[in-house]
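Same chain, two partners: subunit A is paired with subunit B first, then with subunit C.
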Partner chain A sequence: MTLSRLFHDTLSMLKGMKVTILYLTRPSRVVTQQYPENRETLKFPERFRGQVVMPHDEKGEHTCTACTLCEKACPNGTISILTTKNIASKRVLGEFIYRFSTCTLCNLCIEACPFDAIRMGHGFEMAAYKRDELDYVLNKKEGR
Partner chain B sequence: MIAYSANHPVGDFIRANLPAPLAALANGALSVVVLMVLVVVVAILLVWLERKVCARFQARLGPTRVGPFGLLQPIADSLKLLLKENIKPRAVDTLAYFLAPLLPITGSFLVLAVMPFDHNLQVADPQAGMVYIAAVSGMGILGILIGGWGSNNKYSLLGSMRAGAQLFSYELSMVLCMLLVVMASGTGSLREIVLSQQGTVRDWWIFKLPGAGALAFVLYLISSTAELNRGPLDLSEAESELAGGFHTEYSGMGFSMFFLAEFVNMFASAGLGATFFLGGFLAPQFGIGPLDHILAFIPGFIWFFAKTGALIFMYMWFRWTFPRLRIDHLLSLEWKFLLPVSMANLLLAATLVTLGWILP
Partner chain C sequence: MSESMPQGPIQPAPISAAPAVSRTGAPDAVKKSGSLPPGFTLRDVRPDGSHEYFLNMGPQHPSTHGVLKLVVRLDGETVLETVPHLGFIHRAIEKMGENETFIQYMHLTDRMDYLSSHINNLCVCLAIEKAMNIGVPERGEYIRVIVCELQRIQSHLLWWGAFGMDMGAVSAFLYGFIEREKITQLFEELCGARLTMNYFRPGGSNADLPEGFIGKVKTLCEEMKFSLDEFDVLVSQNPIIRERTVGVGLLSKERAISNGCTGPVARASGVNYDVRRNDGYSIYDRFQFDVPLGANGDSFDRYRVRMDEMRQSVRILEQAAAGIPEGQYRSKEKPNYKVPAGSYFAAVETARGLYGTYLVSDNSFKPYRVKSRSPGFSNLSAIDEITRGGKIADLVTVLSTLDLIIPDIDR
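Here is the complex of A and B:
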């Protein structure tokens, strides 16, 4: 009993040592990126959270319907949705205002969106000299 | 087998040209200076190596900015430590607080004094070298205990009490493993122990005593890891539980002395492991003519440092692979497992030696 446990424990310790030595002997597994030097080749993980962006398709259209779920989901009041009316007097998105200065990149607005109209971008080096330079209008044109 | 002189040419030169008392003084001063340089260089290299190896075990890069491959990083660190203020908290016991950082480094320094680096590179070679090592390595424990008590801080005290319990228990099985080699080689002098392993690789004590030597080597690795206060057995520091343990209150030079001692101790411990089990400064011989000649041509101290380096790498490997033990698990591992096993191993080795079943 004790002997078999000893054998099993030793084996599992050796397994752990094998895992770490494989990390040591394979330089390709190093995840550190030497940032200022490799700015051009910087690779981001898929779920990296930069600022909120609104993807537009090739015709320049977005899928936002101005339902304001994201505005309600935001704990900081970072998002303001200004609506307008189109020619059929239907309520559509006028301006999607996103204030990066108060955003905590919490991802709640993305989860709230039922149309996948917004997502987390991979932006970095976002610093600005004035706070209002961090206010963005995400949509390029009004919704239809 | 070529007979090597135990005296270094420089020492002989000084003895030949100075009157006896002066020569002894000059040789002593010279060896102390050499050892001090060795301590500093080894500590700086090991700090760098530890950070690099640790980083690569965790799929990081480690220091890369200061100097090529971050080689100058430990120098920058030690400059920072030198310039920092040595803060003395109000409630500490002044004498104990300032005495404690000096003791561990003194202990490891004294161990290095009997370390056989090469045939003629050994400061002193007492007949009871192994007893001397067991005695002076206790000074490190004393420093940690005094430091924890003198800091007047509950975390320091807890850490040092843990260290006391841990080091006193693990010293037993470590000394028993050394004793096994002393018994098999029939001498306590470190130089003689190395010379008793002459011949091929099979004559090293790790292989020469069938089974018992390898087991003793493994036990030595485990117990010396505990003795060094290194992970996974670094209960006395335990950053996550005790905020640094015995050196919580130390800053600047006090802290750097503990830090230095930790790395020099690791070097000394790995060096002792190489001396006792891996043939010390002897070149590995495989019984293949030309290869043996090439290997024997490489000077002994390089072999010593290579073997020591391999053992140091083992220590780092352990540290960055295994999680930390709990204090009661640690003590029951020693008292219920390592100590009985090392005693039985000693008995086994004694039987082997008596029956003459040592590999030729």
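Here is the complex of A and C:
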């Protein structure tokens, strides 16, 4: 009884060892990536949700109309839209303030935006020394 | 200066004022205090000088997988009582939900059971859909089933790796993560996130499946079958693992029911209940799958039930990937979700058991009250009965087979 069990246990241990050795000898199973050495070749899926960015076209214009839908959609109060008046006294975007320190990357502001003025960027290395270093103004100039 | 005068703001208490602790017995303060609950009182010293003692396991213990503190009353190595202390990661998510709209609340449920975040999102969606009579298109339902079953496999793979780690098999942890990473990458393509998904919406999901997703799921199913067989050879048939789990940590069927255990923990004890089959939601009634059951309710049964569940999930995935139709992925999106007054409940089967969402609405954009019924909390309540009389080393393995997620317990 004991002998057969000893034999059986040894056999199953050896079978387990076989799996380990197979993993060792199968290079296709190696999935480890050398970060940060591979930073240049890192690929992100299109829908990757990183820090919110505001795309600007080649003339430096954005499409934000300061409708504040994203501000209302945000669950954390991460976005603040400060408006101003342009030369024709029309209400336009002054500053799009985005506080990354409170952002949960939930994608609700992007879904709320009717003009595709903001999107999720691919930035993820966000280390900072102070919390207010993570407050960004996303627009480069005032709206028109 | 008189003796009663305080000499400064910080004054160390004199050593003689500390409670009398002798090497041969419990602290006198503990023994004499009648106000302490039974779990905090030690029995008197035995004639041979031996005595019981307390051990604080956690909140930083690696095998609790989070900030859970277990106060264990021990006699030598034997566990006499285990008292879990909760609340280290309590974030008042349910209270926060009262100040957020229904859609905004959904992203908080990601942060409860973070390994079943898709399934938690689905539960909130189901409750809102029930309240507002929102239908889901055919393709949307298939997407839900595929994503939820992927999530279940992903969660069980992490559990399998962590289980191996608790047993001392570090290679199991790495192999589990290799397989899990494939599913995580699928999710990254699907919704852009790896852990906190926020993908489902009332009436479907917030985006269609990306290009080539179904093909990748089919490939994954084949790979998973192969890997699960390997995992069985590596861990399930390992004599050391069997020695440490078979017959250890017994939970009877009756006690599992009265503790409110659900999911694999209850099914390992022989409770034949799975929300997907018994209180079917989405389109689970269209798929062929078995609900694996255990006979003894020991640690090995809980292990085996989860391994079998992964195989069943692969089975569902294959059927769903073969039958997914073209068409809309979401019914017409509403500008805002104003839930009519009333209370609504929806339940889903997460990787850990029954997760329920109870919404009370007063006909506004924000819930009047939200309550989550999380599986981890109820499963944890059985830990005292499971570990009583066992050894301290078995407490770690039992804790691992319960598959607790601490943010799910504390919410």
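Throughout what follows, the second predicted complex is superposed on the first by the 110 of 144 C-alpha atoms of A that agree within 3 Å, B and C clash if a C-alpha of one lies under 4 Å from a C-alpha of the other, contacts with A are read in each partner's own complex, and residues count from 1 in each chain.
Please note the rule applied: a residue touches a chain if its C-beta (ideal position, glycine included) is under 8 Å from a C-beta of that chain, and two chains touch if they have at least 3 such contacts.
Values in this document were obtained by computation on a predicted structure and should not be read as measured data.
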Subunit B versus subunit C as contact partner of A:Gln34, first or second or both or neither: first
Touching partner for A:Pro45 - first (subunit B), second (subunit C), both, neither: second
Touch count on subunit A, higher of subunit B and subunit C: C
Contacts of A:Tyr23 with subunit B and subunit C, given as first, second, both or neither: both
Which of subunit B and subunit C A:Met13 touches, first, second, both or neither: both
Which of subunit B and subunit C A:Ala127 touches, first, second, both or neither: neither
Which of subunit B and subunit C A:Leu3 touches, first, second, both or neither: neither
Set of subunit A residues, in rising order, touched by both subunit B and subunit C: 13, 16, 19-20, 23, 29, 31
Complex contacts: residues of subunit A adjacent to subunit B: 13, 16-17, 19-21, 23-24, 27, 29-32, 34
Contacting residues of subunit A [partner subunit C, same complex]: 8-9, 12-13, 15-16, 18-20, 22-23, 29, 31, 45-49, 73, 75, 104-108, 111, 120
Of all residues in subunit C, those that touch subunit A in their complex: 100, 103-105, 107-108, 171, 175, 178, 181, 185, 188-193, 196, 198, 206-207, 210, 230, 233-235, 237-239
Residues on subunit B engaged by subunit A in the complex (per definition of touch): 53, 55-61, 64, 317-318, 320-322
